[in-house]
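Labels run A, B and C following the written order; every chain starts at residue 1.
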Amino acid sequence: MIGTLDSRIPSGPLAQKWATHKDHARLVSPNNRRKFQVIVVGSGLAGGAAAATLGELGYNVKCFCYQDSPRRAHSIAAQGGINAAKNYQNDGDSVFRLFYDTIKGGDFRSREANVYRLAEVSNLIIDHCVEQGVPFAREYGGLLANRSFGGAQVSRTFYARGQTGQQLLLGAYQALCRQIAAGTVAMFPQTEMLDLVLVDGHAKGIITRSLVTGKIAAHAADAVVLATGGYGNVFYLSTNARGCNVTATYRAYKKGALFANPCFTQIHPTCIPVSGQNQSKLTLMSESLRNDGRVWVPKKAGDKRSPKQIPEEERDYYLERKYPSFGNLAPRDISSRAAKEVCDEGRGVGESGRGVYLDFADAINRVGEQTIRERYGNLFHIYEKITGENAYERPMRIYPAVHYTMGGLWVDYNLMSNIPGLHVIGEANFSDHGANRLGASALMQGLADGYFVLPYTLPVYLAGQIGKRPPTDHQEFCKAEDEVRARTTKLLSINGSRSVDSFHRELGFLLWDKCGMARNTRGLREALTWIPEMREQFWRDVRVPGIGKEFNQSLERAGRVADFLEFAELMCIDALTRDESCGGHFREEHQTPDGEALRDDEHFADVFAWEYQGNGSIAAPKLHREPLVFETVELTQRSYK
Amino acid sequence: MIVAVTGVVLIAFVVGHLLGNLQIFLGPDWVNSYAEHLRALGPLLWAIRAFLLVSVLLHIFYTISLAIENRRARPVQYERKDNVKATFASRYMAMSGLIVLAFILYHLAHFTVRVTDPRFLLLKADPLNRYDVYSMMVYGFQNIFVSAFYIIGMFLLALHLSHGTSSFFQSLGLNDKKLTPRLALAGRIFAWLIFVGYTSIPIAVLFHLVKPAQEL
Amino acid sequence: MKFKLKVWRQKTATAPGKLVEYQAKDVSPNTSFLEMLDVVNEGLVAQGKEPIAFDSDCREGICGTCSLTINGEAHGPDHPGAACEVYMRRFKDGETIVVEPFRAKPFPLIKDLVVDRSALDRIVQAGGFIAARAGSAPEANSILVPKHEADRSMEAAACIGCGACAAACPNASAMLFTAAKVSHLAFLPQGQPERTTRVLKMVTAMDAEGFGNCTNTYECEAVCPASISASLIAKLNREYAIASLKRRAGE
């Protein structure tokens, strides 16, 4: 069905591609824009920015989110910061360097052209957000302040206390509110997308369920934009919000959109360790803490002394030891794996033995407690709330946790999937971070896509679509609506014995074990036999109380978990097929003698894009490969030593 | 806004009135001449009275309508509601205000219109042929019930003002983060000083520290 | 630890509601309050009963979704912090805990402990923004903002839009929320052009939603998870007064 994947990367030198593309891209004139209806699913940085900007341009936009307000999208939780190549610190930064760091950080598994464009527009984002009133941190002279982040040797990260994501999202949300008031954007909060509708092979609408009234409805449009975030919650415990899900992108996948690199997930090194059985989510401690905190474990295995009693010479500052030039700021995948390694050696700290120290004593001696309080006060506060420990006095305990998903729906240079009309932006697409994302670059990507890329590339599709919007009583809509209804009824009627959460937890622990920080053939194969069984059990034995025509949180979750149960299989297949290590995808079979990820560029310098064929082993998904062409950078073994 | 402005006017009156009243400790001559001066103002006095009256009416009208709006803003009450910071005084402003109103009415009837105590009519003019306000006050307060009601009224007024005095700064946007706690404290001290000031009079009378200037 | 819970159950907006008793047993002190409710819900589902509906998303105190009144205090006993940041170690073993929704007329109840807070969105829609078109901004460092002003703006901008201020206010007033947004933008040079109209429109919208009036009890500040200072309400009053005068002077 699908031929070779055309990424539509413009020709010409890397640095000119975007400019040339914009110069020649098709446009939609102002008086035609209002004839178009665009659906944006998601109101996070990507969706919020896109909906607001498209509204500003004069399109009619419908924007959906599952939260009760667009301001609550999970982008709100990002703490650390956002990158841009401003070079305000005069420390040698440039668009090229940001581009290069991102490509290298992604372990050479992303597209040059997309990443270069991202680095190019990064500066516009900062200008725009400042203008919107985002209160970025400033220096005494009134200039914008920067800090450094993992994987970079320059200070290029802009931040607003420990609440950068919140402030950027509020900027987008306020812009969105302005458009809502102006009538260009119609907002549908607490409305979940449950299916994508294709008419003649083009994405022309969606089916939604109101989470308040349970009403199932059809929405038609000239183009659909998915900005539904990441699927980290497939692991049950992650730093994502409870509601984050794969449903929107997975339904699109089932309708024929290709899912790219689903196994590329990021494990963040600095989270608060799991404590106890009933934990429902993991909390991130921003990576910026690694600017001032030093990571260590005792040298001796099983050393249960309290941290203060362990003398300096019996501590192993393992990141500084192994990666002298990056030290505590080594990239995420590397730091996470290093933590797992020392814990596997029995040197982990805390009750569970799954934790390492992040120690601020030196920094406090150097710059004083007050300065540390100013920099990270709210993080220390969160830490104390959760653990009951004071990190000014006692080192924090941290451990890696699932945090971000680089994989997502496949898109071309225009951010359009293989389904015409279906555009995918933000964390929901696969495009810019390869096999590992550098800190402070997801916010950058979401906003780049929403404010500065999609508004230029969407018209490329729309220009040819005047008057082609189908009515919502078109048979494709009716069919999709019926399917959604049938599925809801099915979930409610099983009336088995197990709760939705129990399945989710079981699936999550399995994945964490088999498809988490380290993966191997045997484990993945095991997972692949388990998952279909779990799924079968779910559809036989889940209990979803209540009815469909009302506010019903069990039903919401059941639908999401049902999708995770299918999607998990796709992830494991991808992880198994990618028989190399790269970035966050660490196959134990492929490592250098000192335990680093060993890529196989000859066979795997490709994007893996999967096409749906049906569930289970009977109809394995079909693999399409998009070769990654590197014209500018040279593929090297990533080294942060 | 109007509540705050009229509140300030009333506070100013309360302070002025207190200073006037406290002259009782200086002897009959002071008080009586003060009262005489006031009366001598003639139309001006009426203007001031009218101004105060309008202030009181506006204050009451707006506070009551606000209070009604505020009740409507929460149609279903909490089964359990704990207050973390809101003081008793701040939560019962309308209550304390209304009782103060009742008090003011009685107070006016008592000392200004003098309908409640027939003895006041028997009072002779003082040596300088002025109405003997001094003795009127003393006789008035010798009645334990009058004094008690007066003290209760003043207590509620103080309660009202312990919140109101700092509150109006906030309402008029005249404070900031640093000032707020200081104003709150100052407001409370102010209110209770007013209380002490006003109640000192009936207490002094009851304890016979101040005696009437003439026998009835 | 174990607890007796009294939880507000109400099937729909119009159905009558009441407090219903539940037991929570074997709760670890390191469990969060919401996780404790999760466990109670698992138990209810196992018995074939409907679980307690309550809102949450980020579960780390930033999204503003969670909205519980615990023992008569909005967001529970651990101020400043959202309900999702309350841990069971804050309670006494065996304690009876009353759990109610946020109550205010502009927050109509949806189910059990879930309320509709879209009124807050509408206040922002009325003017809580800076009209900045994508692509038309000047170079970011071309307008300097003194650190002090940027910090003050950030303090105000930290509001998570949870509505606890209105829920806790004896008058169900949303002044703290509105003050936070007005102040955030008024402290910045970029916020100046719309400063006058913004405050007038937002206050009008706030009143139209049916929130009560501020009588300066400072209950809002006490429960605010983002530590928004009630002195911003004074600032709001000031901004409003000046804006009204300007409007009247025909500016």
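Simple rule for what comes next: a contact is a pair of C-beta atoms (placed from the backbone, for glycine too) under 8 Å apart; a residue touches a chain by one contact, two chains touch by 3 or more.
Fair warning: this is a prediction, and the values are worked out from it, not measured in the lab.
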item: Result of counting contacting C-beta pairs for A-C and B-C, higher pair; value: A-C
item: Chain separated most widely from subunit C, comparing mean CA positions; value: B
item: Most central chain, Cα average position; value: C
item: Chain centre separation in whole Å, for subunit B relative to subunit A (CA means); value: 65
item: Distance from subunit C to subunit B - Cα centre to Cα centre, in angstrom; value: 38
item: Chain centre separation in whole Å, for subunit C relative to subunit A (CA means); value: 27
item: In the complex with subunit C, residue positions of subunit A that touch it; value: 49, 52-53, 56, 67-72, 74, 76-77, 86, 88, 124, 126-128, 130-133, 135-144, 160-161, 163, 166-167, 170, 173-175, 177-178, 180-181, 187, 189, 212, 241-243, 275-281, 283-284, 382, 385-388, 451-452, 455, 497, 499, 501-502, 543, 545-546, 550-551, 553-554
item: Subunit A partner contacts - residues on subunit C that touch it in the complex; value: 12, 28, 30-32, 34-36, 38-39, 42, 44-46, 48-51, 53, 55-65, 78, 81, 85, 87, 89, 110-111, 114, 116-118, 120-121, 124-126, 128-141, 143-147, 150-151, 153-154, 157-158, 160-161, 184-185, 187-188, 190-191
item: Residues of subunit B touching subunit C in the complex; value: 1, 66, 69-70, 72-87, 90-91, 93, 163, 166-167, 169-177, 179-180
item: Interfacial residue positions of subunit C with respect to subunit B in the complex; value: 6, 8, 19, 69, 71-73, 79, 98, 100, 103-106, 109, 168, 170-173, 210-219, 221-223, 229-231, 233-241
